[in-house]
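Below, each structure is written out as structure tokens.
In what follows, chain A forms one complex with chain B and a second complex with chain C.
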Partner chain A sequence: MPALLEIRDLKKHYPLRRRLFGRGGGTAKALDGVSLSIGQGETFAVVGESGSGKTTLGKTILRLIEPTSGSVQFEGREITGLGANELRRLRTDMQIVFQDPYGSLDPRWTIGQTLEEPLRTHLRLSDEDAKGRIERMLEVVGLSKQHASRYPHELSGGQRQRVGIARALITEPKFVVLDEPVSALDVSIQAQILKLMQELQSRLSLTYLFVSHDLSVVRYISDRVGVMYLGKMVETGPTAELFERPLHPYTRALISAIPEADPAKRRERITLSGEVPSPRNPPSGCAFHTRCPMARPECRSVIPEWRQVSENRSVACHLYNEESRDES
Partner chain B sequence: MTLLSIDNLAIEFAGPSGPVRVVDGISLSLGEGETLGIVGESGSGKSVTSLSVMRLLPEDQAAIVQGDIRLRGQSLVRLSEAEMRKVRGNRIAMIFQEPMTALNPVFKIGRQLTEAIRQHSRKSKREARKEAIELLGHVGIPLPEQIVNVYPHQLSGGMRQRVMIAMAMACDPELLIADEPTTALDVTIQAQILDLMRKLQRERGTAMLLITHDLGVVAETCDRVSVMYAGQIVEQGDVKTVFREPKHPYTAGLLKSVPQFTGEGKELHSIAGQVPHPSEFPAGCRFASRCPSRMDVCEKVDPAAYDFGDGHRCKCHLYGGRETNAGLA
Partner chain C sequence: MNRWRQALRSRLAIVGLILVAVWVLFALLAPWIAPYPPNEIQMQDKLLPPSAAHWFGTDNFGRDIFSRILYGARVTVWTGMVSVGIACLIGIPLGAAAGYFGGRIGNLIMRVMDTLLAFPSLILAMALAASIGPGLLGALLAVGIVAIPEFARLVYGQTVVIKEKEFIEASRALGVRDKAILFRHVLPNAFAPLLVQITLGLGSAVLTTSSLSFLGLGVRPPTSEWGAMISYGRDYIISGEWWMTVFPGIAIATVIFGFFLLGDGLRDAFDPHGRTRRVTRRIKRFSTHTHTGSGQSL
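And then the complex of A and B:
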């Protein structure tokens, strides 16, 4: 699979305001050096808890958030330095679907107006062409052309998320960030939307970055997975492999925490103590060491390197430094 | 021994064109120390049901128009507000999805907890404060003697939910109602809170009514489950039986729409369409328009409830030949 997107050492640091008497200052590292490549036609899922930086990653790739440093190459072209005009042209190729289908649609615009806006801004289509495209797009996402004259409040949550998807796809993008696209929906509707996104992917040969906290959904939809913790990628790998043989202790704990809809399978659980520390003041060394059941003294002081441990798996954990050293 | 029984309950809300029946003829019972899950999607009536047990429905908008709710045989529907206040907190406590809305933002944690304790016992301020600190420690809050001095906004979501649980357990209630208690929390924190709730339940023998949309949470915590759809209970029974052999097409569809974490099955089913609005409930089965097993009778006749033994009941025409059970219908 040729890479559509190459991300190298991407960082987003927010300066912290100095308090009245000089305390504070420093930076919050929302995204702290993430590298990954996403292949053409692939679904790469980013999972993590609140504050892990997964949403920041998605938005920084699209430059909806400006990166502090690092590189993002889309089809071999560096996009971090692009000016406003070039960026606008790029937006037709890179789009986003947001979590909240209630908050992300303008309540005063009809669905037709919402879908027309990207066509006007990006493609300058004639009114007639735009109208035809909007009607086709509504059908593609499982709505009808009658919906064009409706307002968001007249639609259900699932229908609104279909509109959100239509808005992202109407410029015929190649790459779409899906930011928790089904988290706000009921289970039966969630399955409808997941299936729709899969169908659209193969039909329109789309590449997805799927941001989610829900591992069951991720397991269903993605080809590869990256697990984030406090602004850093801690592990990546092909979906089935990563879930069956998680390497990083955090990934293991995350997987064992999922309640499964099968009372016969009540499993042994690794319950993590404590909470995710604040990115304003992350722990030294490995950021996970404060909650890690396998932490050793070096984890407290040395930041683990991001290393490739097999053909398609990488992990940032001291446990694997040593193993590879022993073998060599 | 039955602790809570709900019998043929119906609740109506005032609507612009007359009353709208959002809960329609539900019956269930909960034994001492037992955990019953009420599972359903938005608009199924599960939260309205739980609020009605606490008599917390907005009086000017909603009314119980039929049926009864009994705690150890005593009707809660007919209690005066003053009598009901004694039941709340002392005998039935409740925790909500978003603890921030249930905690007062301008008072410190310690003050809110001691107030709750003193509402229900004749303890001095000092004794109540000591008890508050003990309770916070018991629900797994580190450094409880410091936490009593902080405000709710200074705590994380998981910690706030622990405080709510401490407050709910302060008076050793017989019944704890938990309405989506972990929905707003991250999965590792959710696991901690579910563990805590199970631990407290084991130690104190509190019965629990758990309202959730998450089938995984039900599978892990509940003894029995009631599945609600469009204001009615469509299926109920032992958790293991219902999950293994769902009888109602809605339950079966719901279980198949959850991506399973383990196992090979990659096929994901979805249920077409959406839940009808309460003002548009059809005369027949309310699931008929979305049901893959729909028959002619379904659209016209409201199905009765059929009994499969061991309290496993299902309201569906597919099982037409069986004995009906008036309790659920």
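And then the complex of A and C:
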């Protein structure tokens, strides 16, 4: 699979403002050196708790948030340094579907106007052509052309999310960031929307970055998974393999927390103690050591390296150093 | 639009709307309704009390006060519209730019606005009117400039809130230009509070213009303007010719009352949170306005 998107050591640090009295300063590391590559036609899921930087990752790739450093290559082209006009042209190829189907549509615009905006911005279409394209797009996402004259408040959450998808896809992008696209929806609607996105993916040969905290959804939709913790990628791997045999203790804990439908299957559940530490003041060494059930002395002081442990799996954990693997 | 219906359901807002509409009609139709030319001096008829011939009496030059009030409505409507127009034209872009782009320039704009707001508005208007030069134009500019920070601050606040909404980010992700986002998404979503501010601003503008004229910084004689009319009548209160001050005073009061009632009605309709009756508070402010000059903050 050729890589469509290649991300190297992507960082987003927010400077903390010094307060008028007392201390402050420093930076909050929302993204702290993330590298990954996403293949053409692939669905790569990013999971993690809130505050792990997964949404920041998606938005930084699209440069909705400007990265502090690092590189993002789209189809072999570096996009972090692009000027406003080049970036605008690139927008037709890279799109995003937002989490909140209520907040992501302008309440004063009809659905038709909302879908027209990307067409007007990028393509010179006649009114007829634009109208036809909007109507076709509405049908593609499972709405009817009558919806074009409706306002967002007249639609249900699921319908609005379909509009959000239509807006993202109407310029025929190659890569779409799905930022928790179903977490605001009822479970019954979630399945419909996920299915729609899968259909559209194969039909339009789309590549997805799927940001989610819902592991059962991720397991269903993604080809590969990356697990994030405090702005760092801690583990990546093919979905089935990663769920079968998680390497990083954090991944193990997350997966053990998925509710099991079969009560006969008993699994050991790993309960993590404590809160996610603040990215303003992350723990030394491995950021996860404060909550890790398998922490060792070196975890406090030494930042674990991002290493490839098998052909398609990588992990950042001291448990998988060369020596320790020999031991086990 | 439900909110419009809601505003219309409020009886006080209707009263306000009617008051404003009546005065606008008077202003438009003054040449046809007025029984006398407004500036016609009839010294033999001076200081006549209200009667069938002169409904509101005559002033010290024998001019018909009713006619002068009708013509005064033209000045009032005109000054209100022009000065609020100036305030909108300058204040809205300043506030929107400061809110949307932020940064050092945005900060600078808003600090200048804060500085202007820190002055009592009447004092500031007086200083401006005096420096621009007396006359209607000076008063209009002064009143307009004084109202700029109110609009700038309102739009700034709205813009800061609206630009964080996801639909703005969605437009940015689509590559829509900032200018288009600002004019097509941000400002239309700030329309409701702006409309309220415009209505209230009209009331304040009328009051400030009248105050300036009363102090001799507004229109030049013989133009009939309500504040100026009160000023002329001032000397005659003690000698008993009350009609020279009372009728223009009632005119000013009803116009401002109308705008404030309408503005409050609209605000209540557009803002589901603060459904308290603000009219009483506004009337209280109205009475302190002439002393301190402040009283228009939201």
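Here, the second predicted complex is superposed on the first by the 311 of 328 C-alpha atoms of A that agree within 3 Å, B and C clash if a C-alpha of one lies under 4 Å from a C-alpha of the other, contacts with A are read in each partner's own complex, and residues count from 1 in each chain.
By definition in this document, a contact is a pair of C-beta atoms (placed from the backbone, for glycine too) under 8 Å apart; a residue touches a chain by one contact, two chains touch by 3 or more.
Just so it is clear, the model here is predicted, and its values are computed rather than measured.
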Superposed partners chain B and chain C on chain A - clash or fit: fit
Which of chain B and chain C A:S104 touches, first, second, both or neither: second
Which superposed partner A:M294 touches (first chain B, second chain C, both, neither): neither
Chain B versus chain C, judged by how many residues of chain A each one touches: B
Which superposed partner A:L254 touches (first chain B, second chain C, both, neither): first
Partner chain in contact with A:I96 - chain B first, chain C second, else both or neither: second
Angular separation of chain B and chain C about chain A, which is computed from CA centres of the superposed model and rounded to the nearest 10 °: 80
Chain B versus chain C as contact partner of A:S156, first or second or both or neither: first
First (chain B), second (chain C), both or neither touched by A:R219: first
Superposition-derived minimum Cα distance between chain C and chain B (Å): 13
Chain B and chain C footprints on chain A, overlapping residues: none
For the chain A and chain B complex, residues of the former touching the latter: 49-50, 156-158, 186-192, 194-195, 213, 215-217, 219-220, 243, 253-266, 269, 271-273, 275-276
In the complex, chain B residues that touch chain A: 41-42, 156, 158-159, 186-192, 194-195, 213-220, 239-240, 243-244, 253-255, 257-262, 266, 268-272, 274-275
Footprint of chain A on chain C - complex, ascending: 165-167, 169-177, 180, 185, 188-189
Of all residues in chain A, those that touch chain C in their complex: 59, 62, 64, 87-92, 95-96, 98-100, 103-108, 117-118, 121-122, 164, 167, 171
